[in-house]
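Paired with subunit B in one complex and with subunit C in the other, subunit A is shared by the two complexes that follow.
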Partner chain A sequence: MNAPPLSLLTIILDTNPHAWALLTPTLPLSAAIANLLVFINAHLAFNNSNKVAIIASHTQRAEFLYPVPSQDDSLQANGSAHNGAQNDLDGDAKMVDSDEGSGTAAGDDANHYRPFRHIQTILLSAISKLYKTTSSESLTPTTSIAGALTLALTYINKQSIALSTTTSSKTNADTFVAPSDPNLIQPATLNPRILILSVSGDLAHQYIPIMNTIFACQRLTIPIDICKIAGDSVFLQQASDATHGTYIALTHPRGLLQYLMLGFLPDQSSRKYLVPPTAVGVDFRAACFCHRKVVDVGFVCSICLSSKSGLSTVLCWNYSVRRRKAPHV
Partner chain B sequence: MSASSLRSFEYLEGLPGTTFNRLYKQPSTALAIFRRMLPHLAKSFVMALLYISHPMPVTDLEAWVRPDGRRERDNAVSLLERLHILAAATNPGKPRAYALTNPFAASLRLALTGGGNHNSFGVPYNLSEEDTMSVADLDEFARRQWEGVLGYMVGSTGMNVASEGVTLSQGVKILLASGALVEARGKTVDITKDGFAFILQEVNAQVWTMLILYLQNAESLNMDEVDVLAFLFMLGSLELGLPYSKANFSQTQANMLEDLGDFGIVYQASPDSSYFYPTRLATTLTSDAGGLRSSSFASTADNNRGFIVIETNYRVYAYTSSNLQIAILQLFARLITRYPNMVAGKVTRESIRRAVSMGITSDQIISYLTTHAHPQMAKNQPVLPPTVVDQIRLWQLEGDRMKATVGFLFKDFNTQAEFEAPCRYAEEIGVLVWKHEGQRKFFVTRHEQVAAYLRNKSGKGG
Partner chain C sequence: MAESDDEYVQDISDDEVEAHQVTRSAGTGSRATGQGSRGAGWEVTRTWENVVEGADGTISSTVEGLLEAGKRKRLLKDTTPLQRGIIRHLLLVLDLSTAMSEKDLRPSRYLLTLRYTTAFIAEFFEQNPISQLGIIGTRDGLALTISPLSGNPNDHISNMQKLFEQEPKGQPSLQNALDMARAALFHAPAHTTREVLVLFGSLLSSDPDDIHATISALVSSHITVTIIGLAAQVAICLTLATRTNPLLPPSQTYNVALNEAHYRDLLMRATTPPTTSHSTTEDSGVKSSLLMMGFPSRIVDPSPTLCACHSRPTRGGYLCSRCSSKVCSLPTQCPACGLTLILSTHLARSYHHLFPLRNWREVSWARASVSSQKVCFGCQAPFPERPASLRRQSISGGQNHDRMSLATSESQLHPPKAAHISNANKDGVSESGRYECENCRRFFCIDCDVFAHEVVHNCPGCQSREGVLSFQTRKGGE
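And now, the complex of A and B:
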């Protein structure tokens, strides 16, 4: 018996209002979300036990859009009753993926598959809440991808632990012990992957945290797929390249849905048979550690492995350098 | 892909194209077939083609799949074509191109986006809090009904299974008989070979087998096949623990509800009530993860999937108090002691021989023991002790020493030469099974050519 694997898709949606405002003539946010919902439904339709999580990477913070963290205590009680699988001994915030309140209110529509409609209601309300709480002074042209990636990794970790405790025996408690040999395929019960819908460029100031999450994903064999709707950023290309994900820069943002369906829907087990639609050239440039800018020619410190834009910055960078009065670059 | 879905496949593939057309009009059916019946790669193809406005050239699809995945691709495409989901269109002047067939594509799109006015995902019924059934109650109901059906079948072997107050309707009994799972002999019923195979399957597979039997009988009950299938797929898309309204149901569907209630697939307080609950048997119909906790309740009342321990000395310990499970176990093991929560016994040559003579195969026994192995046992690799597995197979082989071949015997040849010529001819064309030089006899599987040869020869001679 060869049951298709359960796959967990974590979507990071770049919700930077600036960037979406610029995109309005070709692809307004509402249309993008409608497309995204169809894509999520398609993912869930693949298998009954497929899971999804959506994280907003906003201007200055990252937030869960689905499942939403429960706020008050009464909801929390409901949440724990529903997700008995999740271990809440560690005092983590519980994630509610079913809300009793709107269940009956929206329950009269018999033309929509219930789980699909359920995600739609939660996602839409979470997004509108997110934009309501956004103040004009918090607007920056960038987005906190690093934070969102970290949230995604924690969620994936939590789900895999929950899964291995519910499925009996056989699998180890931690299914995500990184395989030392990349060819060795773990009998992982959960097939996680991350999809980033990115609209804003210029992430150089988050260089270090982003690269750290990328390496974490690489070790855990979690592919990061990048759907670049607008802007261009060096590090996301590297992210998909390092984790064997798919990178597609959209030439026609209007056709977002088709890009999603063709390029990002197949999960790891189907990708074995498919030719990935990924771009050939990858921009491997790094960012200067002190100026936070992408550099064409960089210098790497042989001791701390930090990269810099020029020799002149070295002396003010490293204390030991100053002490020894000899630049070690 | 589990055996059950394969079985439903075969059934579906046999349906005519017009039936598919009508079937795919319901979004819930399109979604269920997509989810349950298609292999993984085929799903990717369908989704890639779903929102494309023009057909995808065959060469493009071929280029998308890696060269080493060609076999999987061909499998997926041919299956999609057999299920009338994908069609290759040839337009003059254009290359051959694949496109999804229309009622299917439109329905699947509707299922994904919602909307329309088809009500195929069930109309929830508003019920006050205190009237609702808990999930545990529904599980208990489903378990009792389903075990009742199994108990009826097993009970016929002479082992006394208390039916726990479940009375089977006449319809269920007729269905079991028509599917050749049981045979009526006067007042008693006897379980058949197929029946044993059925009992040793896992629950989800059992339910599907039963439903397909139901479908095959639908015509004789004056029910529309498409209506029945669409209803079943709709049941699979409902949510456990919610009441649903019966308001818009056709007569066929209302009748079906009653029948399905006998199996424990749906629950309704009374045939006249205006709502029903799907049980876990229904809601897991279209989910294919066999390891779901859903299938667990079937084994025993306690939520424990595996309960059997078998040792290398052929001793069997089963942690169960369910009469049904004990009766099933008794089919192939000699039970010695019974404790409140456990029975102990032994697999012996006699017990296996008896099972084989009833039509149970050793593979069925082994797969039953494997799927119901105690978690402690399931950690072993392989799960069952190899000596026991081999011995069970050998015990079955004991009975298979004779092999019957249907054929024709040629004898009474006058001379040795007269015998040898046709005998050699038969050997050349590969139909000879046995020959005896001294008695001048030989045995063939097909006689036409040999007879013609003989006639030809005697014609020449005379």
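And now, the complex of A and C:
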């Protein structure tokens, strides 16, 4: 395994139209995406084999913005355009020149480095498609961050399986046999991390799935970085804290690019040598199961571990626990 | 000793009987009456023969099919949400007798057990952060405490380190170990589980008294005993496991490890909290109760202040949500007001046991070809195309392939819910390489299937379905 350690940056972009509309005076979405593209290019330029994936966390769905499936098998294009390591492992058959992989995207601008262009074209078209297909009924102030995180994890898992020297099945067998040993799950060569650009709060109804993803990241030692442009979310703070990621709440959203470049560009291995910006206090409160309220002292049922806030609900839940075999069905 | 299986068994049973007689003469006279039936009861059965054929019977299939089936087999488990005893008291009993120096498990039963136990401790506290664990060893006919009941994995792991320098010796005493475990679990509160996990390498137990009396005492104190054997099935272990777990089939409570990986699987299975309180067992140990817990927030002081737990000056810490005393680490009890303080992430670790993700269904070529979905929803990897030679293959492809296509066509006839149940017993390989979530109707590849069920416990599709809020999907799943 002589290939340099590649880092896979998975960016989750909160695309909630409500929140971006509110942000327009300081940081319009177009400006944010332009900043993000510069950041992505910097990430790709860092190391020839670095990879990137972008996932939209939209109002009620999560969706890949890059890479997207297309007629010319864009996943492979992604692999061959920015990454030598995958070719080494997959054998010589896929050792195509990067020009062939992204051949359709090449063209107009000769001065634009092709991989950068490739991402830009795909990302912009995916975002405009995303907004075109958004119906007005689905416009809620929430964002499906849990879905986006789950997609990010499955993608990272697949990429690390594809990268590992062992066969994919072997890796997965080990995953099960030794779930606590991160080295078996994540081959040392892949440095995955997740960056969430968050603009909205209110995630209490996604408490369980978000916690599941946080726990999975913790096991796989994938840091979750949070770039909080607007809004406030307790669970994202917990996510970055539990996974040793960076949490930055932007005081001046206009300076997004600078925050990105200084706070989020270094990957896991280089962060060891840097002093990361740390969140001063972390809010570790849980969500109560009865009102979806965030509580700091709660009653926890010893069997089902749901936390409750008030005594009246305590009684009714307790009743159901005693009465029924499975209280959560 | 282990050149031939038959001789091996013969030898062991001879040793076994002698040892048993020695024990008996040392014990009280009352045991002599049961001599005849007991001798038959202690007989060694060769469980490995049926297990190898039964569980992994797909040897004839292709290597890929076998591997995929192996992955799926582990996934296809019961996903009905059950009450589980999340707050556990578990005592681990390690056999440290001469039988453990056997080298049939590499490098030796003893070293492998110690190594796996260390991994087990870490995993146990990952999965059960608010539980208690204790370790007991047995050798020279005695039971000894290796690590007392506590909630700190580091204590246990450092106590385990001492064992690496010692050698296994003497004979084990199951009865002494169980009695010690029973004494240790005596004070466990009613809302917690009381469990004993025995790793037993011997085929005999040198007991001072009637072990059946001990088993009855365990039953009356609601202690459940699960056993992992390393050599062969032993009748007393089976009795012990079945009597203390009357509701569970013996296959869940007493297993003999076939090889290193199987041993590890069996051991790691014990990290999952056990199901509790079926409606018939009102008086079975675990009672539900409500525990008051605080979810404190972390603070960083500008200058060091004393913590309430060690009176050491620290800057970072957590403030008790009730009395605002500062503690260094979680989970803990507030030293000032006694409130249990935990991180919500600690609780969240167990949620997937309570809200398990339902199994995904295999997709037949017929169904796959009508769908427009060409890539895995989770990872964007393209699915295999339907091979043109499919029809020919399924006729000449041998028994296994036929069975597979039969299984999938069968599941097509059933309505989704019935298929979900009926598929649980088959090898579960999808002929089209696609697996479908029944809630969101999206297709996934095998890697995402395994990952979603084993690691994330979320369905990527359900979490991003238009118009459906995730929590409701999960709760209203049944």
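The criterion applied here is as follows: the second predicted complex is superposed on the first by the 250 of 329 C-alpha atoms of A that agree within 3 Å, B and C clash if a C-alpha of one lies under 4 Å from a C-alpha of the other, contacts with A are read in each partner's own complex, and residues count from 1 in each chain.
The rule we apply is simple: a contact is a pair of C-beta atoms (placed from the backbone, for glycine too) under 8 Å apart; a residue touches a chain by one contact, two chains touch by 3 or more.
Just so it is clear, the model here is predicted, and its values are computed rather than measured.
Colleague: Give one of first, second, both or neither to describe whether A:Asp14 is in contact with subunit B, with subunit C, with both, or with none.
Modeller: neither
Colleague: So which one touches more of the residues on subunit A, subunit B or subunit C?
Modeller: The partner with more contacted residues on subunit A is C.
Colleague: Is A:Arg117 touching the first partner subunit B, the second partner subunit C, both, or neither of them?
Modeller: A:Arg117 sits against subunit B, while subunit C stays out of touch.
Colleague: Quick check on the superposed pair: does A:Asp225 touch subunit B, subunit C, both, or neither? Answer first, second, both or neither.
Modeller: So A:Asp225 meets neither subunit B nor subunit C here.
Colleague: Quick check on the output: what are the common subunit A residues between the subunit B footprint and the subunit C footprint?
Modeller: Residues 168-169, which sit in both footprints.
Colleague: What part of subunit A is in contact with subunit B in the complex they form?
Modeller: My answer: residues 1-4, 6, 37-38, 41-42, 45-49, 104, 107-114, 116-117, 120, 166-170, 257-258, 261-262, 265-266, 269-270, 272-275.
Colleague: Residues of subunit B touching subunit A in their complex?
Modeller: 1-3, 27-28, 31, 34-35, 40-41, 43-44, 47-48, 50-52, 63-66, 68-69, 72-73, 110-124, 126, 237-239, 284, 286-293, 305, 375, 378-379
Colleague: Would you tell me which residues of subunit A are touching subunit C in their complex?
Modeller: Contacts found on subunit A: 60-64, 67-69, 73, 75, 137-138, 144, 146-148, 150-151, 153-155, 157-159, 161, 168-169, 172-173, 175-181, 185, 205-209, 211-216, 218-220, 238, 241-242, 278, 280-287, 295-305, 307-308, 314, 318, 321-322, 325-329.
Colleague: Mind listing the subunit C positions that touch subunit A in their complex?
Modeller: The contact residues of subunit C facing subunit A are 64, 67-68, 70-71, 74, 80-87, 119, 122-123, 126, 191-192, 261, 264-265, 268, 276-279, 286-300, 318, 321-322, 339, 343-345, 347-352, 354-355, 374-376, 378-382, 444-445, 447-448, 450-452, 454-460, 462-472, 474-475, 478.
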